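This is the structure, below, for whatever I ask next.
Just so it is clear, A, B, C, D, E, F, G and H label the chains in written order, and each chain counts residues from 1 on its own.
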Amino acid sequence: MNSDELKALLEAVQSNQVSIDEAFHSLKQLPFQDLGFAKIDHHRELRQGYPEVIYCAGKTPGQVKSIIELMLSRGNNILGTKATDEMYQEVLTVSDKAVFHPLAKTITIQQRPPIQSSTYIAVVTGGTSDIPVAEEAAITAEILGNQVKRVYDVGVAGIHRLFAHLELIRGARVIVAVAGMEGALASVVGGLVDKPVIAVPTSVGYGANFGGLAALLSMLNSCASGTAVVNIDNGFGAGYMASMINQL
Amino acid sequence: MNSDELKALLEAVQSNQVSIDEAFHSLKQLPFQDLGFAKIDHHRELRQGYPEVIYCAGKTPGQVKSIIELMLSRGNNILGTKATDEMYQEVLTVSDKAVFHPLAKTITIQQRPPIQSSTYIAVVTGGTSDIPVAEEAAITAEILGNQVKRVYDVGVAGIHRLFAHLELIRGARVIVAVAGMEGALASVVGGLVDKPVIAVPTSVGYGANFGGLAALLSMLNSCASGTAVVNIDNGFGAGYMASMINQL
Amino acid sequence: MNSDELKALLEAVQSNQVSIDEAFHSLKQLPFQDLGFAKIDHHRELRQGYPEVIYCAGKTPGQVKSIIELMLSRGNNILGTKATDEMYQEVLTVSDKAVFHPLAKTITIQQRPPIQSSTYIAVVTGGTSDIPVAEEAAITAEILGNQVKRVYDVGVAGIHRLFAHLELIRGARVIVAVAGMEGALASVVGGLVDKPVIAVPTSVGYGANFGGLAALLSMLNSCASGTAVVNIDNGFGAGYMASMINQL
Amino acid sequence: MNSDELKALLEAVQSNQVSIDEAFHSLKQLPFQDLGFAKIDHHRELRQGYPEVIYCAGKTPGQVKSIIELMLSRGNNILGTKATDEMYQEVLTVSDKAVFHPLAKTITIQQRPPIQSSTYIAVVTGGTSDIPVAEEAAITAEILGNQVKRVYDVGVAGIHRLFAHLELIRGARVIVAVAGMEGALASVVGGLVDKPVIAVPTSVGYGANFGGLAALLSMLNSCASGTAVVNIDNGFGAGYMASMINQL
Amino acid sequence: MNSDELKALLEAVQSNQVSIDEAFHSLKQLPFQDLGFAKIDHHRELRQGYPEVIYCAGKTPGQVKSIIELMLSRGNNILGTKATDEMYQEVLTVSDKAVFHPLAKTITIQQRPPIQSSTYIAVVTGGTSDIPVAEEAAITAEILGNQVKRVYDVGVAGIHRLFAHLELIRGARVIVAVAGMEGALASVVGGLVDKPVIAVPTSVGYGANFGGLAALLSMLNSCASGTAVVNIDNGFGAGYMASMINQL
Amino acid sequence: MNSDELKALLEAVQSNQVSIDEAFHSLKQLPFQDLGFAKIDHHRELRQGYPEVIYCAGKTPGQVKSIIELMLSRGNNILGTKATDEMYQEVLTVSDKAVFHPLAKTITIQQRPPIQSSTYIAVVTGGTSDIPVAEEAAITAEILGNQVKRVYDVGVAGIHRLFAHLELIRGARVIVAVAGMEGALASVVGGLVDKPVIAVPTSVGYGANFGGLAALLSMLNSCASGTAVVNIDNGFGAGYMASMINQL
Amino acid sequence: MNSDELKALLEAVQSNQVSIDEAFHSLKQLPFQDLGFAKIDHHRELRQGYPEVIYCAGKTPGQVKSIIELMLSRGNNILGTKATDEMYQEVLTVSDKAVFHPLAKTITIQQRPPIQSSTYIAVVTGGTSDIPVAEEAAITAEILGNQVKRVYDVGVAGIHRLFAHLELIRGARVIVAVAGMEGALASVVGGLVDKPVIAVPTSVGYGANFGGLAALLSMLNSCASGTAVVNIDNGFGAGYMASMINQL
Amino acid sequence: MNSDELKALLEAVQSNQVSIDEAFHSLKQLPFQDLGFAKIDHHRELRQGYPEVIYCAGKTPGQVKSIIELMLSRGNNILGTKATDEMYQEVLTVSDKAVFHPLAKTITIQQRPPIQSSTYIAVVTGGTSDIPVAEEAAITAEILGNQVKRVYDVGVAGIHRLFAHLELIRGARVIVAVAGMEGALASVVGGLVDKPVIAVPTSVGYGANFGGLAALLSMLNSCASGTAVVNIDNGFGAGYMASMINQL
């Protein structure tokens, strides 16, 4: 409920169009829907074209289907993250437009025509093993209506590969830098461009990597300005943040 | 050196205006200046109005003065972070325009007229102890030419204080959320606005806070989309990132 | 053995009703029973209506059955935590009153009529993935004779969902707040109510969550007064503590 | 603002006693007061007799005095934690009733007659070095209107000292167990009583104690039911939680 | 030193090329045998009755059999730790005296008559889940020729169970205290007896237990004198150390 | 109170020499003395010749003096650990026999003639910086009536220095191995002798030493059998444990 | 592109043999090849005889085959690390010279005649469980053209086994010391030789080993000069580094 | 082995009691000198020109002087690390050739003419704050007889500064890369050169840097081959290792 709606409600009370009891309950109401095991939040869909997002991990295929079924009726795009093929099969029974992206482990349903921005987001990875996380970021950004350019396997061990794509990376409005191991990619990219960099540490590596901690700490301590970090392996978060920035 | 300059250089070689040896050295050259103990990077100042930044920690007052003296001649704004009053006294000997912000521990020198953006950045803190880090972010953003609105001491322990300023926070183009202890402010703000949130964990707290680790982990695991994190107590990094986003 | 019993025993010695040797052994005796692999502690059952609790993890189905069989004869309610369906099948062979709660992974046997308190405990979760831990807390509290009200999936990413149930939460005598990821729920609830909050971090999340560490540290550093924390995923501990407080 | 007040406000709008604009602002208003550097939260004082609490660490003596001066006018009891003698000298200039507790590092001002509960809270420590944290808990509980009994230096290395005071501990309505080093006191007390135990790890110790981490982990993993934990050295939090429980 | 070298050395003594003292020192040197993938160390077996120990983890059943076969010829007792039933089946093909202890996951072969000491070692556990580690300690101590008394499931949550066996524990020459969760057992036992206590943290527990870290730190910080700690789950190490002490 | 005393007390009750009330209180009584801020535990002094130990850290010089004054009257030896010269000056006012060991930071008062054991304890260090911790161990062992031989600065970086003293080390009944940095000394000594080794990690080192964590983990994971570990820098604990073993 | 090539290119521009556009693209070009999912870096193969290395973990057998197929045509030796037998079967279809080393989990293809150095690298392990990591180092060094001598199972628990091979170890030009558990081997070897030691911590161990952290910290804190460390279980990295040093 | 023993050994050779070979082996054994608080190891000085090294931290100025005085008589070069100016003043009283390097905190005494190698070691730093650690490495390498070239303040945030010196770096025989914060320098340098890189993490940074842990983990996980790591801030260790490699 925004300020205009609040004032309208109060005016309706003043003019007796709305009773005090009704207003009392409206003022406590907020836009979500109760499925029992989940409370679907329609807050963000109010903005036209914004997809609804489901974090599928820890839900049964049936629950994922039920939630998506409910969302479908609103006509928005839909994004399911950390999904499985089994969930996808269930979702297909309620929408044949559903697409499964196996690397990114995401389900997307495009119900509205894509509103492509003229600017683009660059998604860059250090190695090939970082691609699944990068794809989660890229597909998240795409379903949110952004143009995405992928630059994969350009880590600092062979830094000339990065330089060969520097023009493309510099042309982006915002950059998502995905890297495991020592995560130096984020610092190097951050030092070469003047655009915001969303750094995504991945859990790729072994030994003193400690499940992505090495890359995480590296990125948090980046000596390059204009870098901020999301959780380890959180491609979705990076794609969402990049989209927010790209669409400002 | 951008593409146009590279092509211009090659044309000069072709037309013998520039010798091969000169070109050879130019192609290896990049714009920095060597002070012996430091290599000043003028790369970013090339963009009009961008200030030059010095990380003062670990430098002597004399070194800080020398670096700033060199920078002054270029006519840009100057920002010194993690500075002391003693450093400031030295800097005053080369520029009486220098201002010291004791809470933020920064020195600023405004040489160009401020280019205020119409949009603004909101800097929000959980408690009063988080203010020094917030001020570092706010002053960084201001010297970079942004309008900043401060909303301090609105942590989640008394969440009504936050709600009283929600309209102001929602009006910002980008939000810097600064909090120590459990750092829940970032998640709550992130859940209430549809703007990018730069979360800054602070080392405020004690016991199992572990120097800001609690707030850092909390912010990295935020269940609110559209949040990215900088290093503990890194107000400068947040202000810089917010400025980049605000000026897109 | 309480003070009255101790005095009675000494009087019996003085009056020669009890020999010194008998007294000597009684004074060393305490109420437990030895099964070889386990020493069943009947200490707490002495209080009428209190259930006996078995931590089933790490025990064989046969061991669980044996322990429960022994307990059944005392007529008390029984609670088995961290149980499996396989254990439940074994237990059914000695008591057809046994109920298995698959989400909470608990077995309960209600032998005494429930002594429902008029006050209630609110069990609140941040997300749907926190429900198994919340159910362990809720069922523990119920078998201990408490009324429980569940408020699930009201995390701070959509804080209006929490506010919609605030009245119910504020009406509780004690609140169990269950959350993974950044665990901000505990602070927000703690800041909104004036009742004791038992915070339960869960291991829900990934990356820099580190198996629940993020939520644990967040909750320990909560800026809201009136909050105390139990171990990660320790729904039983929270339910037990909440029951103790509710029944004061 | 509670439900009655909300309805009253809406009725005033309906009857035109309050303009829509006034109502609009009231609905956003909540009871706090802005000192510039701090927003004093009067929310909790609304309940009669409840003291106002200031976390003094990180504030100047002048700021502490200003905040307390403002609070004094409301006639409530006042508690300042993590205070210094220097702060106390400042506070004396605005209230000669102020008392400084050097061990607990707290300032208290008793403005209302104490409302002593008939039940009591037992505050127990493992060693003498844990006493400052215990005193912070005890004085917090006392200014909140509770009777407190102290049982200090009864750690498990000489467990007979604990047993000698067991009757007193068992007579409490709630127990605060304060211990550093290995923190075993909480488990032992928890195993001997049937009352809620608030465990407070302290940073007392050295080496692999890691600033209280050993005691913290020990208490979180306590095998005794009915125990919950607050942050390391958080005597205030424990006293506040114990008071909440004791006054139910 | 192989047999050729031994002969050469003795010939040198005979011919006065090497003094008796020099030969004496040479003869104490270096008795081991090379299997290619392992160098069997016969150093300790020289002391009569001392068993040879194999750490079976990470070896194939065939390798375990080969090593044991080689050892058997020397007539000593044999102990294999971290063994599997599959390894045991292989070992049976070379010695029908081999015994497998499934809880302790050890293989023992008693070739010499047991030399029972008159004193005994008490092995004490906090819970039933700690028994496998305790059994590894107990069986290690037994094959090394010690009398062992087991006192299991006497953790501090029901401390009267411990007191009921205190006389037996106090009668031991050295005590092995095995506990997971918060590991308080070691401190409580250490505070009640005047004998050396070898504390063994186990990985039993969950959440903030962190694989035994909680118990480990707890035991290292024990406020009871006369306690030393071995690695998490290292029953063998505790049994070996206890045996060394018992046989002094 | 031992079994004989318990029976004697009960017989006194039976024969009316002791009233029930007196017996009731005696049975709750255990031998400690209450100084207000500390409860002196005389439990262990009951064994002839055993010194009384005060952990001085965190106590005022006056408190240390008061505690020692109380202890002196019992005629036992006294050991104060983690003491300062200032404390020593205070103690001198009540006993001119007091000796201060500045390296070990201990105060000793020898009231009984030393009961030297014929066997000895070897205290070995890796470097010279480990000597203060080693001295705490050595002096603790000496005041407890043990003969101690010191072998300092024989770390594995120059392993020939260790071998030059191997005979002396092997001749000990129990060995205390004190080392910082990587703590390899404990493993090497443990592999060379057949005596119990008490390993003491020290906080000597820098960088990834993390306050002694490196040496602690190294010693806990020692591949040498017959090693147990005490807390970082806990020379007292090692000396006490070694004494217990040496005097068996 | 080295300096000579750069000058040659510029001369070609000057003489109009190469157009400006061609030069522009060449200057951005660097030698790698794009497979879509991976960018093969031929940079290092330019040096004669240098093998090409594939990190196989996280790739499908088909991807490994494709990459190797591409590499084969260049005639270099090939090394695949962290490979599986299933990958090997795929690789056999494109090269029957491929060899699989099951312990080291590496695939090698020797296309050029081996260029054996006269000096050798010694690869030393503490235990038999460290052999797989040691083999990865040894095979890496061998395919890179080095002579390798293996000395396995000579850990410090039986230090005489190490001394028996000391002459061979001292004869090496560089030593790779591989050890898990407490990792003391690196310090002991480092103290006995005057050659560079590359220390490889392994994850062998359990409990407070924390996946190799104990050995890692131990090696980083080694008191022996001339030691540097690679990641836990990183046999390849150690073999590569040792080869670089050996071939200087 | 002292001089008497040396004479005795030589007499035995002369009289044919000991063979030349035996004497040869004896003479390689055990040269150290006992100062009481330290055992000076002359083992390494036997190689001509090798300096003797003292780790001064934790020693008194007097002890440092005594050790150096003893060493001076042997005519070798001397290196004291982690020294203070106060120590230097003491050392000046025994040698006026002593030089103090305040940034590197080292004392050097050049007694032999420097034996400069023709090859050189490059010491590279990320920032100016890393210079003290780099200087410790450089001066260590120089006193050990190496030519050193310094390239400071070329971190990846302005990567063109690094490229401007790439030729010099590539010309080195071995490279020492010193960096704090995220430590990406080591990976970038390692990816650009084909020489062994010794990476030195520094504790420069703040927040989630955790005293150098971020740089340490980053360097251990470097995706560039040919890199090994020494302890945080261990400039001496890196310089020593680099010297060993350079002088092969």
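Definition applied: a contact is a pair of C-beta atoms (placed from the backbone, for glycine too) under 8 Å apart; a residue touches a chain by one contact, two chains touch by 3 or more.
Quantities reported herein were computed from a predicted structural model and do not represent experimental measurements.
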Next on the checklist: Among A-H, B-D or E-F, where does the A-C interface recur, judging by over half of the contact pairs matching in residue number?
Outcome noted: B-D
Checklist entry - Does B-G or B-D have more contacting C-beta pairs? => result B-D
Checklist entry - Quick one: chain B and chain C, Cα centre-to-centre, how many Å? => result 49
Item to check | Distance between the centres, which are taken as Cα means, of chain E and chain C, whole angstrom | outcome: 38
Checklist entry - Between chain G and chain H, what is the separation of their C-alpha centroids in Å? => result 26
Checklist outcome for this item: Averaging C-alpha coordinates per chain, one finds the centres of chain C and chain G separated by a number of Å equal to 54
Next on the checklist: Going by the contact rule already set, what residues in chain D reach two or more other chains?
Outcome noted: 3, 157-158, 207-210, 213, 216, 220-221, 225, 231-232
Checklist entry - Can you list the chain G residues touching chain H in their complex? => result 3, 44, 47, 53, 173-174, 194-196, 198, 216, 220-221, 225-232, 236-238, 240-241, 244-245, 248
Item to check | Residue numbers on chain H that touch chain F, as the complex places them | outcome: 29-30, 32, 37-39, 41, 43, 57-59, 63, 201, 203, 211-213, 216, 231-234
Checklist entry - If you look only at chain F, which of its residues touch chain H in the complex? => result 128-129, 131, 152-154, 157-158, 160-161, 163-164, 204, 206-210
Next on the checklist: Give the list of chain B residues in touch with chain C in this complex.
Outcome noted: 126-127, 155-159, 181-184, 187-188, 190-192, 205, 207-210, 213-215, 217-225
Next on the checklist: For a test of understanding, state which residues of chain G touch chain B in their complex under the given definition.
Outcome noted: 3, 6-7, 10-11, 13-14, 16, 20, 23-24, 27
